[in-house]
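The structures considered in this document are given below.
Next, two complexes with chain A in common: one pairs it with chain B, the other with chain C.
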Partner chain A sequence: MARATGWRRTVVTSLVAAGALAVGAAVSLIVGPYAIEPRTLLDTLSGARPDTMESQVIFTIRMPRLVAACISGWALAIAGLVFQALLRNPLASEYTLGVSSGAALGAVAATLLGLGAPLATPAFAFAGAVATIALVLLLARARLAFETNAAIMIGVIFTALANAALSLILSIVSPYQLQAFFFWFMGSFAEAEWRTLVPAAVAIAVLSGIIYAFSWNLNAIAVDEQFAAQIGVNVEVVKTVLLIAASFLTAIVVSLAGTVGFVGLVVPHMARLAIGVDHRALIPVTALFGAALCVAADVLARTMLAPNELPVGVVTAFIGVPVFVALMRRPRA
Partner chain B sequence: MIELRDVEVKYGGSSVVEGVSFHVEPGAFVGLVGANGSGKTSLLKVIARMLVPAVGKVLIADREIETYGRRELARLIAGVWPRTPLSFGFTVRQLVLLGRTPHLAPMRWETKVDQEIAFEAMQETQIAHLAERPASQLSAGELQRVFIATALAQQSPILLLDEPTSFLDLRQAARLSSLIERLHRRGVTILCATHDLALLRRHASSVVLLADHRVAAAGDTAGVLVPEALQRAFGITPEEWYD
Partner chain C sequence: MRWFLAILLSIAASVDAAPATPKRVVALAPSCAEIAAALGLGDAIVGVTNYTDWPPRTKNLPQVGSYVNINVEAVVALRPDLVLATDDGNPPATLRRLEHLGLRVVTLQLRDFDAIQQSILSLGTMVGRAAEGRRAVAEMKRVATCVSQRTRTVARPRVLFAYQLGPIVSAGKGTFTNQLLAMVGADSITKDVEQSYPRLSIESVVARAPEVIVVSSMNPAAEAEQTDTWLKKWPPMPAIRNGRVHLIDSTNLDRPSQRVVHGLVLLARTIHPTLFARGECAADLP
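== the complex of A and B ==
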């Protein structure tokens, strides 16, 4: 029976993704300028070596960074999946729709205005993200028919504009501020701190739960909006809630780590290829894939040119683009 | 079963149809005919509550349509509409199972009974052998039968069809026509907007003809689909018609 096969596939895929995430997490805690032996890592994690240099490195530097990569990948992948399903367009994502850039502009605005309070950056990023998606969809809708390709084109153009604005800001700020602004541009998990990670993780968990509750309806909307309305789905309400939730997820990640591109674009394709199109299974599997990808990308960003560190957005682009091209050459996933 | 009272539909201030009243009896097969832009699809959308009329009332099973919940209405009315091309690889089985949506409690997966109902709908529409195929790989005729199967899985007593035979070749159109006839004989109330007058002449008990934004004629199929009425609705002479 197809459903049983589908379940087996979903469970096996989830286990493989969780395994990859666990391996990536272990590597991420071990490697770095201060190398830590696997044995020492296990002892430290079990609490057997408190107040050592190793426990300092693991719990205050590497663990927050690992958690940031993990929840960012999780959130971006779900956001990308939601945008693709709502727009019925495999090219949609928070990155191609300009939502990430809108959030980054919002975050930069908060910094420029000197609003350093912990809530100001995510609040401005969220405002930037929601304003962008609303603008992109309104402009696309202005063509009367709701054209999803038009939304992508407008999103890409908006991203170019936002990047130009960010470049302009980069060229006029003081060298001292340059590093901080560069962070919004290409993404990094290096700045992660527990005091921002904990509320971010809670918010991402709540938003993921809300999105999952709508995954039944997302299946119908991913077929066709009229079709969804016909089988009893309140399309406008579901779309509004999900667009806001996906924008919020993006804003949280941008506040934590800047713009990390291609995760939301590529990961949903990989997950669909592995388990099919049922969003009730796709949401958790996509989230696990996204977390594993970001953790792996962060390890590469830290180690490839060590002691120099690459922005993680550079690594996700280098991984994402070839994977995306390869996936797009396959039959429809 | 379906009643429209003095319905007017407006898009951006201008009326598409106005003063439309008609009644569809339970178990009837009614055709909706008119030129492109005459408001056939708008009327079907009003009956499916995808559009709210500017004026007038719509009653489904003697109750005003606004008093129904969305899922409740979906258990009464199913529809097959022109669609955008499928973007993702949904299988035929997944699409047909989606027809069970209005019968599922929130966040509940389909039960064995739902699977059986979907399977029966696929058998009825002769697509059971395609169940695991991605629907995006099917022909237009097969895909149309998939969406009729979805509507059947919905188990609604009313079926709205919007141009069901457009884009189908003769063989596929004939198969679809006999499928629609089978559903009608099973007691499904059918309202079908179409340019396929042969389909209506064979199966429809009555026809509503739209012209000049209004109902130009309504009643027995043979009595409505006469050259004079068609000339008024489509603006061509019987000679041009038969050319």
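== the complex of A and C ==
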């Protein structure tokens, strides 16, 4: 009986999240400085008006942004959920573990070295993310047998170091490069293009599938590692695979959009409050919430001060921090 | 006794006579060094900020930091008898500290075309080089009038002026750059944007359909290809369809000194190529 209501709750929550995402997506396609009538929008989407300026605006500007926001929110939320479950720490996220900063540092380094190859920047962001998580977990492991708070502590300290390194770089580059680097700090979906979105979406789908395949094991590990081992989970292998998958998810997003903070931290908590702690349901619901949040944040980023555009990370921080504070103030059931 | 009188007389003279010409000048922005040069003080400059390259000898002078981040100790160490500052970027707190340390700081008002002229005239009087100041200002006025007369009767194209693309950073309402655009007969698409240096979304630029895109760059030759690739990612704007995307050297555009008239003519020629094809209105200034 309890199980039945649990599933009903999951279904209702998923529908709410999917509805929010659909509304956000519709708004993000309708709203913009280039005036497009909803009717024209529908015609264009159905392919009735190819080669018009409206279709160019929709298919090369608004649509790629929407897809970028969608898959980024999806990936960041799942990555945060995995980090929180594996480290059994509510503060764990790609942001607090330093993975985002490491990836941003990699991206800025690629730009500074003048690597013009099309995939050099994403590749460096990727390397930065993976190197950071490896370093943080290695240092945390050296201190006691994987004390989970140590990972967060080292992550936060590493983030501070990475930010200092970025500030150092920013104080020596020419003022003309500043705005471009700002992109990596606070995130933006404005530069999204199909050429990079398609492979990113495929990779995110595959990684999400891998993580979902381990959702039952995640349930066990989130309770206790010894318990998980007793019931037959190969804890070390599962943890390694999942940590790599979550780091890859983060790195992909940073290479697309820079660092978009607080999504990975806040969204898993919202989802857990709504539907409980079963990762088989949590993974898809968290992903939908994350996508909806990023789509909404992007709409706000490009409309609040239009035609001036805000970094999307500013908006997610302004939404994420109050939500996180509110969640922390809730008495535990 | 005669010796004593001589000293007394020379002290009286230095107090009484025309203002003393500074011997050691530190310029806290590239524009300040250029203005000092216009007043014949180029050889007196002993320290500059990053990116200062005019007059040419300043390239080899000691630097005291960037114009927004000035090393106070480095300024003091140069023992200047005049520190030239700008109200357009130098941190006021730094200037106050320099004054408290007993240095003579003159802050030039360089936020618009008229203010630059006033600053050159009043600094000229202050340092005993009034004639040089008047000459520079007269040339600024002549060029500005020449440019505005030639462009008065032609159509004003819609222009996007960008300091940078990807993201697009432009110049909003009330900026010096927008004033220059108006002076050369351009209809800036950002003249009504409230922020000074807005980061524009590509869609808002597409919606305003610029007929000419001007990208100011410290290195136009090196950035041409990059600019082209980036612009081709987006829906075709009139400027792109008609091959009217221009990269221009920012040197004489983003430094509010008398030399900005070189930038003014460059901008005019970029936006109205046929009107200025034979070097019309060229400024007679070093």
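In the analysis below, the second predicted complex is superposed on the first by the 324 of 333 C-alpha atoms of A that agree within 3 Å, B and C clash if a C-alpha of one lies under 4 Å from a C-alpha of the other, contacts with A are read in each partner's own complex, and residues count from 1 in each chain.
Convention: a contact is a pair of C-beta atoms (placed from the backbone, for glycine too) under 8 Å apart; a residue touches a chain by one contact, two chains touch by 3 or more.
Computed from a prediction, not measured in an experiment: that's the story for all the values here.
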_After the alignment on chain A, I want to confirm one thing: do chain B and chain C clash, or do they fit together?_
fit
*Regarding the shared-chain residue A:I231, is it in contact with chain B (first), chain C (second), both, or neither?*
first
*Touching A:D43 in the superposition: chain B (first), chain C (second), both, neither?*
neither
*Figure out whether A:A306 sits in contact with chain B (first) or chain C (second), or with both, or with neither.*
second
*Which of the two partners, first being chain B and second being chain C, lies in contact with A:I61: first, second, both, or neither?*
second
*Please work out whether A:Y34 is in contact with chain B alone, chain C alone, both, or neither, and reply first, second, both or neither.*
second
*asked:* Can you report the least C-alpha distance between chain B and chain C in the superposed arrangement, rounded to whole Å?
replied: 42
*On chain A, the residue positions that both chain B and chain C contact, one per complex*: none
*In the complex with chain A, residue positions of chain B that touch it*: 48, 50, 70-75, 77-79, 81, 83-84, 86-91, 93-95, 98-99, 101-102, 104, 106-107, 109, 115, 131-132, 134, 136, 147, 150, 154
*Can you list the residues on chain A that touch chain B in the complex?*
2-3, 85, 88-90, 213, 216, 219-220, 222-224, 226-227, 229-234, 272, 276-278, 280, 332-333
*For chain A, which residues count as touching chain C in their complex?*
32-35, 53, 56-57, 60-62, 171, 174, 176, 179-180, 183, 188, 190-191, 193, 302, 305-309
*asked:* Taking the touch rule as given, give the residues of chain C at its contact with chain A in the complex, in rising order.
replied: 69, 163-164, 166-167, 169, 190, 193-195, 198-208, 217-218, 233-236
